[in-house]
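Shared between the two complexes below is subunit A, which pairs with subunit B and subunit C, respectively.
Up next, the complex of A and B:
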């Protein structure tokens, strides 16, 4: 069976896996972005706290994803809980790091000016600092999304959702007629999803970057 | 990538390929804390496993010989793949920043970026259809996966050099080769080393997937644990893999400290 015949005959299953993969990555991404930007906002003004936040997230990144899943399974069981936890944890480093660097990179005279015209601290963050740091933060989100695509594939072995299931089904039936097609469909599906997500994030960047700092 | 509450010079992550942080001062605290944490975790796991009664399946999976074999396979996979990564990526990175070949570097970067979006498990699985199963396939996949960060770090390290320095070196009569070995490469060392460290950590990580293509390694313990639903096997495999990753990263941070040219420290 050729690859395209295979894709045609398994369309339903593949679409389901693709949708679940995309949805898992997207939701974890949103959660990680909220947590990561939150950690960034809480720590960027303090040298030590910022360092600690980055060092912690760097350590998480150093841990092999399959091993982290292995450690999460005894606590959380199989399936969605360990998958989501692992994805969110791995997404934190690029987001936290870029949030801290982005927020620290905001020209202090801008913040001064904002305070000068009577903005409250919250307004300074919401209307000056975050918008200026946003392109850097978004870059972190792009890097994290790229990474999550691959980690989500591994999580399928812990009964996680998504296209990784096609890859593992192919591996466990090596030699059978459709094993190559399955692996190929899973892998290419993830590559396509990764490219689509990246393009979407670039577009979001264009639309949400404050006009004053657009290149 | 570093472990423990060390000093971390923050810089933004701009691409998946350049996520390696700039080298930084490694404090005495970090040099000591990381190995202590690793050793404590290993001792804790060992004591725990020795004091619980294991069922036959667990005894089988956790026999000393098997665990040692998996660990040793993992270390070998990591060492070999990192060696090949360095041999391929550094010369290639140098070549792509030289003369006429330089025009090809945007293409190389684009390919590298696209390659990075291939999931590691998919890459390993696809390779089995070409190379069959076994450690060799795992090795090829690991090398292919880790070449990208080292390559791009080498290239951006060489490109980021102040052109005036290269001009000055030329001006005092150095040959192109002299400029490369005496000026450009030493200046690029911090970024290249960051790439190497990144590659090592990536390789330990991809190595945990080698088991899926019968390549051995600590991933086999984790997989065994999941498949046979034996939590203890799962935990031993995972703890060993985590400890190895943190240890390798720690070793690499020592190497960074040793190999960074004196003139570049504290910059």
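Up next, the complex of A and C:
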């Protein structure tokens, strides 16, 4: 059976896995972006807090994904909970780091002007600092999304959803008729998804970045 | 001081304003007291690190004073919500501080929006402000700051500061980052604006020439914002309070003084004149009558045209058309004495015709008149300064006496 015959015959299952993979990555990204930007906003003004936030997220990154899932399973069980937790944790580093770098990179004279004309602290962040730092923050989100695409595949280890199931099933039955096709289908699906997500984020970037600061 | 139109500014009073950072022994600003009249432009000038910016930023409480009070129009604003306070005070800074992700119109609209003005009022106001600072609303409305030149950005910065019509405008080295020619234009523009608006402006700069040009009064600050002298530009130039001030005024105080007086304020001399079409005999007679051996020939519209000397007449036997030397330079009555001096120095014979509004001949300035007027000016300034100081001392003595009497009174009770 050729690869395309295989894909044709397993279309239903593959589409389901692809959809679940995309959905998991997307939802984890939204959660991670909210948490990450929040951490960034809370820590960027303080040298030590910022360093602590970045160091913590770096430490999380260094834990192998297998090990992290393995550690989460006893606490959270199998399936969706450990998958979401792991993905959100891994996505934090690029988002937190870029949020801090981006917010710190805002020209101090802009913040001074914003305060000077009578903006409250919340208005300074919402109307000046976040919009100006937005391109940098969005870059962090893009990097995180690409990373999550790959890491989400490993979530199948914890019986999570997504294309990882195809890859795992293929690897565990290596040597049998369709095992290679299965691995290939899963991998290809992830690559295509990653490209689509990236394109979508670039588009979002163009739509949400003011013309005044677009590169 | 402004005259004519109603003053829209507010008085500002700084009362023993002090800023101390952490536990450092030396305060950054040490007990500054200053009274600023409504509609007045006061310049804080001093070397870098003297705390002049800190002083300015305490007025809208971007920096909270450690002690002391700020009164605006008599109201103590030291305790009120700083965010609300800042919306009532215009603020313009170096490098304009425009928000790069907002259009020019959005930038200007910020404060009116925060004050809850209606959309249509804000829109009208933005157009009006762009007009005021000399930018065409249709062209600049939708532009982003990066699409503007430095000078244009600074104008928008001033428009934003004035958008909600605040009585007080604080400017922190607003023209520090633009090239000298643009800076000159912006300064002229600010003078024109202030002539229309009569705001109370507090302006920080380290450029003494800028201070002289813009200020009704100048406060020269030394370290920790101690006021070395707080007086009119004329008084500071002619009568610096001490070595620090004269050092800061720098060399050429007399030359700088020339910038403050215009040709129309000093006497010009008359020279014999003749019209181009006058017959030769008339011209010759006028030259003989005159005390000098020169005569100014005017064209048909009364504008200076040529200098004629006795010698030129002898040479030009026939007509006067070819005789004499054409007038090369002239100064208008609105020119500063410095411009006049420049023109006199470059003129080969050391005299320059003064012209009126339409370029017509009014008189002549030469080295002698300039020198006389400068001496008179300096003398007058000196007298005024001495009188001023005398008044101050008298007032202070009176004050002390009163205090003493009050003290005795209490002691007796």
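Here, the second predicted complex is superposed on the first by the 215 of 215 C-alpha atoms of A that agree within 3 Å, B and C clash if a C-alpha of one lies under 4 Å from a C-alpha of the other, contacts with A are read in each partner's own complex, and residues count from 1 in each chain.
Heads up, the rule we're going with is that a residue touches a chain if its C-beta (ideal position, glycine included) is under 8 Å from a C-beta of that chain, and two chains touch if they have at least 3 such contacts.
Just so you know, these numbers come straight off a predicted model, no measurement behind them.
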Fit-or-clash call for subunit B and subunit C when the two complexes are aligned on subunit A: fit
Included angle at subunit A between vectors to subunit C and subunit B, based on C-alpha centres and rounded to the nearest 10 degrees: 100
Partner chain in contact with A:213 - subunit B first, subunit C second, else both or neither: second
More subunit A residues in contact - subunit B or subunit C: B
Contacts of A:79 with subunit B and subunit C, given as first, second, both or neither: neither
Touched partner set for A:147, first subunit B, second subunit C, both or neither: first
Touched partner set for A:205, first subunit B, second subunit C, both or neither: neither
Partner chain(s) touched by A:113 [first = subunit B, second = subunit C, both, neither]: second
First (subunit B), second (subunit C), both or neither touched by A:131: second
Gap in Å between nearest CA atoms once subunit C and subunit B share a frame through chain A: 21
Contact residues of subunit A, present in both the subunit B and the subunit C interface: none
In the complex with subunit C, residue positions of subunit A that touch it: 109-110, 112-120, 123, 127-128, 131-132, 209-213
Residues of subunit B touching subunit A in the complex: 1-8, 10-16, 19, 21, 114, 116-123, 125-126, 128-129, 133, 201, 204-205, 207-209, 212-213, 218-219, 222-223, 225-226, 231, 234-235, 237-239, 241-242, 245-246, 249
Interface residues, subunit A side, partner subunit B - complex: 50-52, 54-56, 58-59, 61-71, 73-74, 78, 93-94, 97-98, 100-102, 104, 136, 139-140, 143, 146-147, 149-150, 153-154, 157-158, 164, 167-168, 170-171, 174, 179-180, 183-184, 186-187, 190-191, 194-195, 198
Subunit C - residues contacting subunit A, complex: 60, 62, 83-88, 91, 93-95, 97-103, 110-111, 114, 144-146, 160-161, 170
